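Multiple structures are listed underneath, in structure tokens.
Two complexes come next, and they have one chain in common, chain A, joined by chain B in the first and chain C in the second.
On to the complex of A and B.
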């Protein structure tokens, strides 16, 4: 328990230093509002800025985006696994796309789809897709050959083989891929919301900064960091629960 | 091998054909999917414009400084966090979970602190680059061969000498890995903040073309950016460390 205690102590200490810096005038309170003011503004985020509704919007978009990534990425990954030639030819392409700064494509979706939820969900989906496809391929490639041989000697058909052998042993890696898709989707959804000034939490930050409501904006940034961290912890727990150790 | 080449060529041609068909179909708003015959010349026009070099220079400078600043901070924090058991228990999870949070939302704060010019974009890139480098170096600290440390101790090396001759050389591999990941996110951080609010850089150029509805030019800038990012990534991937089995 000493580790988390040290972390909490550090956060509190940084908060106090920040507060002191504002109190003694080392930093301009108009530029960097003191933590007390930021905390005092948090209720207003809920009452005046519709925080709960925006939170729901952002997460629904992220889940829709991850769903999109999975519905294209899983079949793509299966194809890369099932056809050896396709795997050799296109896995490097998918890996290159995974490493590319995909979010920079958002102006492209902006002109094609328009400034609406479609752009946000598409961008989040595109960001999660390569990881989902690569993890699907990895999962099915990684099925132990001995299981396949046993299944074959029991005379399993194609479907039975998939249902009873391939799928169960690929599930942990698929879960890992789905978690990555969700994480990338959430990052990109919030980012694009902020950039195009539309939607949930990302737009809230853009909006508050346009109105120069700095204390509220810092509060909103802290809130986003907090909920995304909690989200990452939860999805990781979920994945660990699926993955037999 | 030939089959693979044929499949790749087929896929590339089908994608281009699909694009052309979509462009000619009239299903999309006019002009938003320009034909390749328009995008090609736009690339030449955009890159040939003398202003392009200036924008490229600004972005390259921002990304370079971001790698330097974020990388240096990442190395220091990575060594500190990876170096002690308590520090690692306290701060490694924090780094791990903060790393994937959407950094771009810090942009308004960075603009207030560093102004609307290239400094806030550099800060954004450095903030993005910091996390992968710090995480990679911190986990690199855990992988230092304890035998090397014991040898250093039995040779009676001072603390500083141990750091210089044992610790730092073993961190080169993790650092290169971290910087490679850091380059990707620094490019994203710098360009996105240019797109959001700035008056120079490749991100600004792309969004300016968007604003003027010069869509082929916008695609051209994005193509160039992706080509450069891919090139940078490939160059990092080619780094082979002498006397080390670590591949990045």
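On to the complex of A and C.
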């Protein structure tokens, strides 16, 4: 069975098990609505809950946050790669920040930035930044020395060395970094939206949960997964586009 | 040399105190989810436990504190706790209309006298009449603070104020002090020190909304199993709860505990109790003015329609009401 077919078959099988569990009363349908009910609720998300606007809001916030993470994380990673002292001094700290639950800092960001989209984007960006920086360092650290020696023997200057040797070799790892940054950014964007009751899909999920509209809430969660999937497809295409043939 | 007889006697002697100290009837555990830790009306279980009333009733409380909102209700609906204290009425109706496994054990708080609004001194806001074009806070969409603030604005004739759900009162205070929100909401005694210091001014309170006075805004909720299969336990729980409420209005030591928990002074605790938490609001019994709550829930799109008679009967299962 080919990959996509296997994926679809697995999702359908899990859905059927879930549906059966609710039908036979193994799980309480009032707490875990069956997939049929979740799917039936999706049109209401569009008509009553402004889903398109919320989806776009979360998508753009996560995109902006990942952009922020990349624009700061790539230069930071390059610095950690280029300066041995900086690499030794700060890499463990950046790794430690990557593992920290930064979402808990939202009250601080609320006071500093305000109750607006800026807080959500900034928090998402900060969450994605360590992954981007570490992967950038890893990408440039991992360039095979033989390539550098050959380039030097051809008399490449700094810029030429960067453009023709370092960057192309590091692209796959940079793309992984960007993907991770997007994941961390999206998790934090949705999490902060949920916590501060502001923004797109996270706020919708919080609101639906408050109203005990569980079928619709699970439907909204499916759209968060969709945002993540769209980002994955986009980064894969981006990587293919900039990766050397 | 240790003989078998000596060994037996030694084990017997060691085991005897343990056997003698075993209670005749061990206290029955009751798991309780409590919202908004430190608030007066949600502290009943903690105070009653401290005064020994629940132990006297043969109950051993296991308290779990939540952030309020629907968290308390979720703890009960999932079966994680037997009882929930301080669950919002509109959220309960939302769950009930979708046949979630939750029951109302009793009214918990009637009216909105406990919620008040304030603004920074010098901001030119002395009452809700000055709220035009300003932002005002409430906890979450559909909460009692949401309902009351809308009513207060309506009474003041203001239509241009913008409501913002700001979460708990402490987070709200931070947002008001940093200038992000014009009018904050709070529950006593949060904000009292700043008002006494002149940094904040009182803007209005839920007491001003007469039509909400008898309406139950928060309930004691429980799992269906608790009230249906452990009805005697539920009754003893309510009796101990009621006894605690009585003591909270007669014993000064409770005010000290409240002040300690809320990081307030004794005077502030006294003010909170006398001005914001009348004993009548905490009376147990069936929820007051359920019809109005349902009407509000429909208007705020919390429920698609009012409960059917069957749903209402199933939801409200009050096993014991104190006699006047």
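Keep this in mind: the second predicted complex is superposed on the first by the 181 of 245 C-alpha atoms of A that agree within 3 Å, B and C clash if a C-alpha of one lies under 4 Å from a C-alpha of the other, contacts with A are read in each partner's own complex, and residues count from 1 in each chain.
In the analysis below, a residue touches a chain if its C-beta (ideal position, glycine included) is under 8 Å from a C-beta of that chain, and two chains touch if they have at least 3 such contacts.
Bear in mind the structure is a predicted one, so any value in this text is a computation, not a measurement.
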(request) Have a look at where A:86 lands relative to chain B and chain C in the superposition and call it first, second, both or neither. (result) first
(request) For A:169, decide between first (touching chain B), second (touching chain C), both and neither. (result) neither
(request) Tell me which partner A:115 touches in the superposition: chain B (first), chain C (second), both or neither. (result) second
(request) Specify the partner with more touching residues on chain A, choosing between chain B and chain C. (result) B
(message) Let me test your reading of the model: by the given contact rule, A:209 touches which partner, first (chain B), second (chain C), both or neither?
(response) both
(message) In the overlaid three-chain picture, which partner chain does A:190 touch, first (chain B) or second (chain C), both, or neither?
(response) first
(message) Between chain B and chain C, whom does A:31 touch in the aligned arrangement: first, second, both, or neither?
(response) both
(request) Would you sort A:235 into first (chain B), second (chain C), both or neither based on which partner it touches? (result) neither
(request) Go through the superposed model and pick first if A:3 touches only chain B, second if only chain C, both, or neither. (result) first
(request) Once the two structures are superposed, pull the chain A residues common to the chain B and chain C interfaces. (result) 31, 107, 110-111, 195, 209, 214
(message) Quick check: in the complex, which residue numbers of chain B touch chain A?
(response) 3-4, 7-8, 11, 28-29, 32-33, 86-91, 93-94, 97-98, 100-102, 104-109, 111-113, 184, 187-188, 191-192, 195-196, 203, 206-207, 210, 215, 218-219, 222, 225-226, 229-230, 233
(message) So in the complex, the part of chain A that touches chain B is made up of which residues?
(response) 2-7, 10, 31-32, 85-86, 88-90, 93, 96, 99-101, 103-105, 107-108, 110-112, 183, 186-188, 190-191, 194-195, 202, 205-206, 208-209, 214, 217-218, 221, 224-225, 228-229, 232-233
(request) Using the touch rule from the top, collect the residues of chain C that touch chain A in their complex. (result) 69-70, 73-74, 77-78, 91, 94-95, 98-101, 140-142, 164-167, 171, 174-175, 178, 180-181, 301-303
(message) Looking at the complex, which residues from chain A come into contact with chain C?
(response) 28, 30-31, 107, 110-111, 114-115, 195-197, 207, 209-214
